[in-house]
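Since the structure comes first, as structure tokens, the remarks are kept for the end.
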Amino acid sequence: MGKTAQKKREPHHRDVPAPSAAARDDSEITALDLPAAPLTPAMAAYFAKCEEKLGFVPNVLKAYGFDMAKLEAFVAMYNDLMLAPSGLSKLEREMIAVAVSSHNRCYYCLVAHGAAVRQVSGDPALGELMVMNYRAARLSKRHRAMLDFAVKLTAEPWTVEDEDRAGLREVGFSDRDIWDISAVAAFFNMTNRVASATDMRPNTVYHSQAR
Amino acid sequence: MGKTAQKKREPHHRDVPAPSAAARDDSEITALDLPAAPLTPAMAAYFAKCEEKLGFVPNVLKAYGFDMAKLEAFVAMYNDLMLAPSGLSKLEREMIAVAVSSHNRCYYCLVAHGAAVRQVSGDPALGELMVMNYRAARLSKRHRAMLDFAVKLTAEPWTVEDEDRAGLREVGFSDRDIWDISAVAAFFNMTNRVASATDMRPNTVYHSQAR
Amino acid sequence: MGKTAQKKREPHHRDVPAPSAAARDDSEITALDLPAAPLTPAMAAYFAKCEEKLGFVPNVLKAYGFDMAKLEAFVAMYNDLMLAPSGLSKLEREMIAVAVSSHNRCYYCLVAHGAAVRQVSGDPALGELMVMNYRAARLSKRHRAMLDFAVKLTAEPWTVEDEDRAGLREVGFSDRDIWDISAVAAFFNMTNRVASATDMRPNTVYHSQAR
Amino acid sequence: MGKTAQKKREPHHRDVPAPSAAARDDSEITALDLPAAPLTPAMAAYFAKCEEKLGFVPNVLKAYGFDMAKLEAFVAMYNDLMLAPSGLSKLEREMIAVAVSSHNRCYYCLVAHGAAVRQVSGDPALGELMVMNYRAARLSKRHRAMLDFAVKLTAEPWTVEDEDRAGLREVGFSDRDIWDISAVAAFFNMTNRVASATDMRPNTVYHSQAR
Amino acid sequence: MGKTAQKKREPHHRDVPAPSAAARDDSEITALDLPAAPLTPAMAAYFAKCEEKLGFVPNVLKAYGFDMAKLEAFVAMYNDLMLAPSGLSKLEREMIAVAVSSHNRCYYCLVAHGAAVRQVSGDPALGELMVMNYRAARLSKRHRAMLDFAVKLTAEPWTVEDEDRAGLREVGFSDRDIWDISAVAAFFNMTNRVASATDMRPNTVYHSQAR
Amino acid sequence: MGKTAQKKREPHHRDVPAPSAAARDDSEITALDLPAAPLTPAMAAYFAKCEEKLGFVPNVLKAYGFDMAKLEAFVAMYNDLMLAPSGLSKLEREMIAVAVSSHNRCYYCLVAHGAAVRQVSGDPALGELMVMNYRAARLSKRHRAMLDFAVKLTAEPWTVEDEDRAGLREVGFSDRDIWDISAVAAFFNMTNRVASATDMRPNTVYHSQAR
């Protein structure tokens, strides 16, 4: 069973809840034993900004922390996809993240991005619906088409065709929006698999956020 | 689009959170328009006991409330399975309920029984693990074997054979326990489908319980 | 390999066919060793009625016979679903039972309820079609919609939505009928799994009925 | 909707049961309208032999009867596989036929070859077990390995590897036997699809045989 | 691990490329050790014709060469399906062969018939599209409907119904054409499985043809 | 149907083969109409290096060319994963790329990275085996374990657990290697989906490389 070098770098926030026996999320970040590399100045600044804004550094960043080139590439792609200007709102991008992660049953991403949907939307039930079954949510046609596309692309990418793209255009998405829906869904198909392959554990603090 | 007679019987607790736009869980209990039948004395007493103990009547009971014979049969079977003496603890039965409901992506049962796992275990992360992916939980061999059996029985019942039962016996389950694991898993395969078929909505109050 | 207490309670009808080597259906009712409990007066009367009307007690009842609370709850729910007044005919309920059991490849239920379809319909080929592939039967639009809904609910309950319910309404089913279709399909998703989990064997006598 | 030229060539046995409304098996052999070709002398003799030995010409032969080259190739391959000397008994070949056809839910082949299993084995329950779920039958290790291989080859042929062949050798099958198991399983994967593609209907007379 | 008698009968063309370590396609034709039978005059002539026309004898023929009855039945059926007059062009039949073999991930058939598509069409990309994902090709409506039917029949034959046949008629296929599409698709569902069951290896020479 | 701004930027190499009617790979790079952004100096240099080393700019780079931030993030991650020092050889990384893309049936990635496997290995059959069915290749235990892990992570990431990682360690992979296998497999699960979502077309020139 893997240990993690990150264990030593564990945050000691006063108010972090104790990790459960079933999860051990904050004591073993991944099942791989990869010693942390020294942070580059850019990454040190980024981690400090996380601490300041969120109160903690998301475990995924620590997991990538064994190699600065990989961490920087991940951070650059993540921030562009989830935070850069787009025809999709931040909530929409988080909804895609969670619906995709639900199909892939990714514990890390469901916990972390489920919290984000609750927080950004101010609607705890919406977060749960994305985690459990987005088809059960009462969504606008725009949001339903967006998630149907993202989940089809996740489940059976080889069957996505012109008529699927046409379905997005019909509810008002531009070609650039279609790229962004696709790219966010595709990105979480990547990170879901990095997380599952390494048994990555989410920060415990997410569980109680925005309930 | 279905309305529900139950709408008229909606509880007006002071502290029930407002249903979200995405869920509308407390305003439309099912997609079927089935007028509530008068409660039999036994069922009236049972509903009163729910109000007293839980502070609300679970929506599934209201959903069955259009026909007292069906409601009473459901309540009898549910209470026997989940509350009667058994070699399985109540938490174990709730864990099976949620792992099965996760495979079937049943919004109602994941919300209601996910809350039960959090409450009975006192471990919020355990509830989330059962909802999201029980394989990611750090479980005892007993619990892992129990859930593997329950989920295999859910996904491909036609492949369950002697060696699967032998696996349960190896971690200490008796034949009576095997019946109980099977019966609880099978029951939630039923209720998951009644809930999905009727678009049954869980009481909103569950979302914030035991986080 | 499990033995069964029920073995001792094996009926000795003169005309019951010998169980085949491949099936051993009447000598080992389940793979679990659960001693029969004394029948309550109500259940003793019910078993006697089975003997009188059918000439035998269905093995599923003997399988539940280790615990009277479980047996009584099962009998109450079964009889309400399959025999109580409903907008669905008894044949329709049996057709759902068999189509669902075919998806789940449940030997017990296919044998017992396949016989029921043959008997109630007087059409041996109809029973076989339900067992083998209901899509190959020449059915009315009503029956096809009913079975398509039941089998979709069986295979992928998380995808059942308003448009599926609308499809049932279009061919004339009421909301109460939709409940009944759903409840019967859901019930056999439960019993299929109890049967598969315990290797429950059908009474041999079913095989030759109504051919 | 297709009619069939074969309709005109329908046999008028005194004792053929009336086709059911749900099946119409003897009145419309396939959904394609393909005029029967004149039988070659060899095929006329073969059909006469069928009438003499079975009392009827199997509908599959009539379905191929629009083209003598196709009919003769089919008959040659079928008779070699199912009747020529082999390390597999005729019953074993029929068991493979039915287990494969069960996976593919092929109405024609399940009816016709299910009857063959019942007849050749003298065990009606064995026929039903092959139709419904071969895993529920109490089979010898030889037969279980044989059917597991055939069904894996049916369901996921791309995963069959050396260890699967080794499993057959372990229970005593020779390399020639492995070819024969494979070839019979593969052949029914062909005929199941010809039957499903054309909605081929089995002779009604099969239903009551050897029950 | 199987050896093959065919090894001794390996062709020694000057220009056959060396088999790769990963494939060993020309040194071990199947994983079964089946001694070659003496060729009948008809089959000797057929092999000679292959050598003359193709420059080699396709390995599938050598694989069947342990039994002349099986070889002759295979050759008769193959040649009728792929070469006899039909409403389908030879290219269309090869396209079906490859799309079916792609679903079944059959190495032998994808190599041999992928080469045939490249050769007959003169379009190397078309061969790759059939191997990789026919849905990505820009096909006429006729060809798309033909391949959709063939692949549906391959993946889920039990769901093929009148509306699927109607879809073929709408793009101009006759009932005889529907038979031929079905029969070719069904045939490759057979040969894919014979090839996978025996680990049949394609002649190395195919790889470089018509690129 | 989408057009592409990239069409105007199409290279005019003398020796690029004509795109086939079925593929149109070089005339329409994606189905989305996204005007190319001006290349940053870094990207202009990178494109020039591609032209110099490969003789063309891979279409995936042109597809991302509408937004320099996205292009640069993609290039950084791709080059780190596929070209940076690692315990995995470049061939091993390409084998993972193709086996994953085969599961996802991604036309773009199979064409481009299939060519890479052929080229780097000098073994055309190995490239075809990765495209068609890696299980049919004669691989070392190391390579088989590596691809089994990558494909399981692709198909059912939620089932990857400690025993899967242990399997990699048993054949000699370090924890850092496990990260790299996972990250490459995960990355192609992303790019396969970007390519399928946008109908991305590979440069035609790949088809004839290293055959």
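Here the chain labels run A, B, C, D, E and F in written order, and each chain numbers its own residues starting at 1.
Going forward, a residue touches a chain if its C-beta (ideal position, glycine included) is under 8 Å from a C-beta of that chain, and two chains touch if they have at least 3 such contacts.
Quantities reported herein were computed from a predicted structural model and do not represent experimental measurements.
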Item to complete: Check every other chain and keep only those touching both chain B and chain C; list them.
Response: A, D
Discussion item. Based on mean C-alpha positions, I'd like to know which chain lies farthest from chain F.
Written reply: C
Worksheet entry | Numbering shared by both copies at the chain B-chain A contact, with half separating same from different | same
Worksheet item: Measuring from the mean C-alpha position of chain A to the mean C-alpha position of chain D, what distance in angstrom results?
Response: 52
Worksheet item: Counting in whole Å, what is the centre-to-centre distance of chain E and chain F, each centre being its mean C-alpha position?
Response: 28
Practice prompt. With chain centres taken as the means of their Cα atoms, state the distance from chain A to chain F in Å.
Written response: 23
Fill in: Set of chain F residues in contact with two or more other chains
105-106, 133, 158, 161, 199
Worksheet, complete the sentence: chain B residues touching chain A in their complex are 17, 19-25, 102, 105-107, 110-111, 121, 123-126, 128-129, 131-133, 136-139, 199, 204, 207-208, 211
Discussion item. Could you list, by residue number, the parts of chain A that touch chain E in their complex?
Written reply: 158-159, 161
Response to the item:
Residue set of chain A touching chain C in the complex reads 133, 135
Worksheet, complete the sentence: chain E partner, complex, touching residues on chain D are 1-2, 31-34, 66, 69-70, 72-74, 76-77, 80, 84, 104-106, 149, 153-154, 157-158, 160-162, 165, 175-176, 178-179, 181-183, 185-187, 189-194, 196-199
